[in-house]
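Next up is a structure, given as structure tokens.
The chains carry the letters A, B, C and D, assigned in the order they are written, with residues numbered from 1 in each.
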Amino acid sequence: MSQTQTPAAVGSGTPAPTREVAPTADRPAAAPVVEMQGISIAFGGVPALDDVALRLYPGEVHALMGENGAGKSTLIKALTGVYAVDAGTIVVDGREESFTSPAASQAAGISTVYQEVNLCTNLTVAENMLLGREPRRLGGIHTRAMNRRARATLDRLGLDIDPASVLGRHPIAVQQLVAIARAVDVEAKVLILDEPTSSLDADEVARLFTVMRTLRDQGTAIVFVSHFLDQIFEISDRLTVLRNGRLVGERMVAETSQLELVKLMLGRELATLEELDREVAATDLVDRSATPVLKVLGLGRKGSLQATDLAVYEGEVVGVAGLLGSGRTELARLLFGADTADTGEIEVHGKTRRFRSPRHAIDRRLAFSSENRRAEGVIEDLSVADNMLLAMQASRGWLRPIPAAQRHALVTKYVEALDIRPANPDATMRNLSGGNQQKVLLARWLLTEPELLVLDEPTRGIDVGAKAQIQQLVADLARRGMAVVFISAELEEVLRLSDRLVVMRERRKIDERLNDDVSVSDVLELIAGQERPTPEEAPRG
Amino acid sequence: MAETPARTADRGGRLALLRRNPLLWPVVALVALLAINVVANPGFLSLRMQDGHLYGNLVDIARNGAPVLLVALGMTLVIATRGIDLSVGAVAAISGAVACVYIAGAPDGGSVGTAIVACSLALATCVALGLWNGFLVSVLGIQPIIATLVLMTAGRGLAMLVTDGQITTVNNSTFAGLGVGFVATLPIAILVALGVFALTALVVRRTALGMLIEAVGINPEASRLAGVRARTIIWTVYVFAALCAGLAGLMIAGNTSAADANNAGLWIELDAILAVVIGGTSLAGGRFSLAGTLVGALFIQTLATTIPNLGIPAQTNYLFKAVVVILVCLLQSPRVRHALRVRRRTLPMTAKAGVA
Amino acid sequence: GSSESGGSGSSGSGGSDGGLTMGFAQVGAESGWRTANTKSIQDTAKSEGVDLKFSDAQQKQENQIKAIRSYIQQKVDVIAFSPVVETGWDTVLLEAKRAKIPVILTDRSVDSKDDSLYETFLGSDFVQEGEKAGDWLVENADESDVDGDGSIKVVELEGTTGAAPAIDRKEGFGSKIAADDSIEVVASQTGDFTRDGGKKVMETFLKSEKGIDVVYAHNDDMGLGAIEAIKAAGMKPGTDVKIITVDAVKDGMTALSKGEINFIVECNPLLGPQLMDLAKKVVDGEEVPKRVVTEETTFDQEQAAEVLDQRQY
Amino acid sequence: MSAATTTTTGPTAWERLRGWSPPSQYLPVIATAVVFVSLFGVGGVRYEGFATPEVALNLLVDNAFLIVLAVGMTFVILTGGIDLSVGSVVALSTMIAARTLEAGWAPGLAVAAVLLTGTVLGLLMGLVIHYFDIQPFIATLAGMFLARGLCYLIGVESIPIRDETFFSVAAASVPLPGGYSTTPTALVALGTVVVAAWVLHRTRFGRTVYAIGGSQSSALLMGLRVASTKVGVYAISGFCASLAGLLFSLYMLSGYSLHAVGMELDAIAAVVIGGTLLTGGRGLVLGSLLGVLVLGTIQTFISFDGTLSSWWTKITIGVLLLLFVVVQRLITRRQP
């Protein structure tokens, strides 16, 4: 692959020199389809973007990189007319545009999947995909044609979903796929995918990439945001890096190493990450002869989880692996009393307990961070401090407010410890980027000083730096004696952190083993072996 | 009167702070309304002392506004949890009915003891009604508008059942005092309402209750998962709203020394909701402002006083109210404020661009 | 022209125990007067063996129309109702007529060109009530000029805007006081027939008008509210300000006997006996007068004290 | 042998029937229908002449205006809004109709004036709600005051409608097969329901209404026409309110500024009883129709009983409303 342009200088704030040539050799000279220049946006006086530029060429996958809160989503929303820019120009197809609504950008051929799944859960899958461009007959919407068309697009993505089913009944990952299907369904010039893979499993990512490649080859310009570096390097041709709302550089992917990219994003050496790689799960330190912190027997709930046994010991990280919809979330929710179990027993430190609500679980020093940050985690209109202190305050009771001094000390401590940005405890939670919201939620639970921490996808949608911080934190907590149940779609992460591994499939536990050098492919074999349910696959003690 | 530059700058900063204060527009509207009254009737603000009692328009506004303020206080907390309570008017009627019927039937209908028992009985009834509303909303999960619509419909019937359809008149000076009495030159009604206001503000803002209420109002599920007793909190605010409504009902009954099951507190729920909204609390739940509600309630009452004071024909008072309500809400709307602010901000922005 | 409609054709589902079935559509239960009226009708129906189908329209005309249509479907022998408003009864009354069910109006009349639509109207004459109040004021003009400035300033507490009693009582009163130049209505506003309304309106009157001599309230409740307002302003009702009201319910009579009201025109709610009587006649096909005025009187302070004990409502 | 065949075919049919479960979005409406039918059944058992086609048809006639009102309200509630002004707009419509007819306008012109006023009022409220971000509850509360105030400006006394056309339409009856008959107003109401159902389910506007109710920000990001739709539903509600006002004028043959006080609450109750969520996004106009019929049945119930003291009426309506909502809630609770 011969490249015709020079990469921008590392670390300099200036954009790459202008060039008139498309990024790949086999598709020569073409004008950019989108050219953003000097974009600045401030929220309430705080700049989120400052003089940022972005160029997209037809037939490329362009990765937009940056830490949490770097301004990726904001840049995208500036392009699609969600936010009005304070300064800067946007040129689409050679014409200067100032979109005033997403509808306008859509009409101009820009199709977008926003970071938070933005669909209507009360409508059917097909309706969500085709709202606003439904096929019509006799002046009215032709429902059957609509379902047919939706089915075709879903098939293209390799999805087996009933187009006539109501979207809200599907898990968040399926919803994300539907959002992608909606964006892919139109023949757009520009396709924008803001963290589309954050809740997808490997298989689905692969299928998404196939579709992306097809579209790219047809000449679509694709913007791709992801915190998974592997994915970036697998699919993208070129990338733009943002840091703190500023443009850091524009690069060819093929000419950039992972380490270099991380440096660009963080603006510092990635000491933490390397350290973590050396972190080997301290399997031997866990005393499994003692009474487990939590032990469940035959825990189950009709329609969501078959009877499951599980024990978690002090200082132990139990990783839960499984495909989408395998029942990991259900297990976590039942452990915590977020849903009530139909069957089974829960023992905490050897004593039988009943959790009829999360409060009972919290009283027994359990904590649970939900995978659905927006619906089940953040209190959007309250401040960072209030969000952080919510669980602690709730368990103290309303009559005993946390004294102002203590409040301040605790919040400051965690804002610093977790590197929450902006470091302003009075900032409204709504205005934090996704990754920072997640950190606040973690802080919320750590403040309750739990003995068992159940983390459902705590690193979803989080940048490498923050992800490393969170993983580090989990490891530290375990070393200090906390029991952790760690659920993640990212197998490497689960394997890296856990002392013991639980594998789930079709809403039941199919395997449980100590994590001594279990490899990713071992686990993959376990969780993906649906086609051949042979005896040797039966669960082992 | 030369001012140092530093002081002017400081003042500018404070002005900006003031401009961002959510209470600004409600207070401005209230002051404007009072000003209009003064123009129409220069003696409007004058107060006079007679027999050790304070008289005057301002006192009347506060006294007549006391029931609305009470109801609006309860409503504020209900609205903060994303709810609404349409039944407060009916609850007020029931409260007055229970008290008056008890006093009318008591052997010594004029004594202080009777009045106290009657009021306690009435308030206890209101607690039960509040528990009922809270049960429907928080346990059965029925939408608040509908859950309280049930009691709004049936409540007046219950009040009539209690009074046997008659307007029950009582002769008890202690009871009447709640509506018309004076303590230390001020009407008791004002003192009671302000007392409840202060107590509520204290409990809500000096404990964690306010924050928990807001959390439940903004995201009930997330609050539940964080261990907040969402159900208990929701239940409690409905009880509190009913209690406030009951107290208001006692005032209304005390005011005329009679329980009118049909008309006591009629449409007071709408006035209370208006007061809450004018005070800057969003009907979508979440953040609330008790001080705003106070201003809102006073505004509503001043408006009601203004219309006859200006000699506006009674037929048009609805029009007047509609226009004023829309104006105040528009001024408060973030959109409109933003538009106003953007125009003001244009200059500094271009200046910044010039520097860059 | 009411002779044929009350014929035997309608008594098909008539009384089993000799009594007749009456559908009664009441306005609501908005005041003490109204509940006394309801009670009188229900009690009389019971004692006379009339099968009474009662419904309460909660002050809504559409509910009354629905109730009447339902009575027609139930094939009652006679329908009686107190119309919420005067207008808009033609179609439903036409339906009743087609079904050969006689209709009696009570308390309030309807405004229809076709008076064959109902058999008779039993109720007070509101204009006359207003006139009685006006007459009393003209007769007692001298004492009523409490501040002695030679002009008698009257404030009027009106009933619900647009309601027949409010319109008529205002009209009757106005026509009589026109005779005396010294009497003048200086302010008039609706108090919605309620105590609270009466009190609030009176409070504003006391502030905006100087030298009020007389309050004329369209019902006792508003008058009682006005008394509270006058007391709160540090004056003595009945002495510092003269009060005239209409209705003569018990609370009003009590206040009258205590001297806090000066004059009450009675508006009798106890229409039950007269109504049942008329209903029987109508169903039996007897001729009844098109208009039956309730027997009513007036009370001054001494008369009130005498009859107070016998007052049931 | 034959017995064997019946036993083999029987269970399968039964099983299929038992296994069949209606799509979840129809469950609330089905619950409403079940309650409606059972109310009617209970009435039929208790009172002679209750469960007859006449009474059922009468429900439509007596509640035609409320049906139309509830249809308009359904649009608004589906977007997650609420319209408190409709009762006052009904009153205003009767006033305008009565006053213009009294002044000698042609009936067609009067009708046009009424419909225009209602629609424009609704439109204005929609604009205020959408462009100034004022909460629907408050904006329409102001609209309620405004419309009532305009009524008083037109006149404080009730005005009879004596126009020939109106009179003949009001008195007209449309024969139905089986010797029954209904009125043009009932047909207008049913027509409104049909048209509304078509608009909601077969047009982009309708689907956008549902989308906004599901999530307004999502609808916006999906590039739907949120602004025009949101304003549109209030205009539709205003139109329906004025149409209901016309039907009401025909029912009452009078205009009065105190007509229809609190009718907005009846409409809201009907919509909710019909299974529409007040938070928006879920519900059917058919449900609203059933909701109105349930309310009407309750009233019929009470007038057939005829022994209830006036306060018992209110209490009974409250209790039935409660029973209804709770039963429906229990039926649909198992749904997510």
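Throughout what follows, a residue touches a chain if its C-beta (ideal position, glycine included) is under 8 Å from a C-beta of that chain, and two chains touch if they have at least 3 such contacts.
What you see is a predicted model; the values in this text were computed from it and never measured.
Peer 1: Quick one: which chain's Cα centre is the longest way from subunit C's?
Peer 2: Between subunit C and the rest, the longest centre separation is with A.
Peer 1: If you average the Cα atoms of subunit B and of subunit C to get two centres, how far apart are those centres in Å?
Peer 2: Once rounded, the distance between the two centres reads 36 Å.
Peer 1: If you average the Cα atoms of subunit A and of subunit C to get two centres, how far apart are those centres in Å?
Peer 2: 73
Peer 1: If you average the CA atoms of subunit A and of subunit B, how far apart do the two points sit, in angstrom?
Peer 2: One centre to the other, that is 44 Å.
Peer 1: Can you list every residue of subunit B that touches 2 or more other chains, as numbers and ranges?
Peer 2: In subunit B, residues 160, 165, 261, 314-315 touch at least two other chains, as defined above.
Peer 1: I need the residues of subunit D touching at least two other chains; which ones are they?
Peer 2: Within subunit D, the residues that touch at least two other chains are 152, 156, 309-311, 313-314.
Peer 1: Indicate the residues of subunit A shared as contacts by at least two other chains.
Peer 2: Touching at least two other chains: none.
Peer 1: Can you name every pair of chains that touch?
Peer 2: A-B, A-D, B-C, B-D, C-D
Peer 1: Provide the residue numbers of subunit A that touch subunit B in the complex, in ascending order.
Peer 2: Those in contact with subunit B are residues 86-87, 336, 338, 357-359, 362, 368, 370, 375-382, 386, 390-391, 393-402, 444, 448.
Peer 1: Using the touch definition from the top, list the residues of subunit D that touch subunit C in their complex.
Peer 2: That would be residues 49, 54-55, 58, 61-62, 65, 152, 156-162, 167, 170-171, 248, 251-261, 296, 299-300, 302-304, 306-311, 313-314 of subunit D.
Peer 1: Can you list the subunit D residues touching subunit A in their complex?
Peer 2: Spelled out, the residues of subunit D in touch with subunit A are 24-25, 198, 201-204, 207-208, 210-211, 213-215, 217-225, 281-282, 336.
Peer 1: Tell me, which parts of subunit C touch subunit B in their complex?
Peer 2: The touching residues are 28-32, 35, 38-39, 161, 189-190, 192, 194-197, 199-201, 203-204, 207-208, 221, 224-225, 228, 231-234, 251, 254, 313.
Peer 1: Any idea which subunit B residues touch subunit A in the complex?
Peer 2: Interface residues on the subunit B side: 206-209, 211-212, 214-215, 218-219, 221-229, 286-287, 349, 353.
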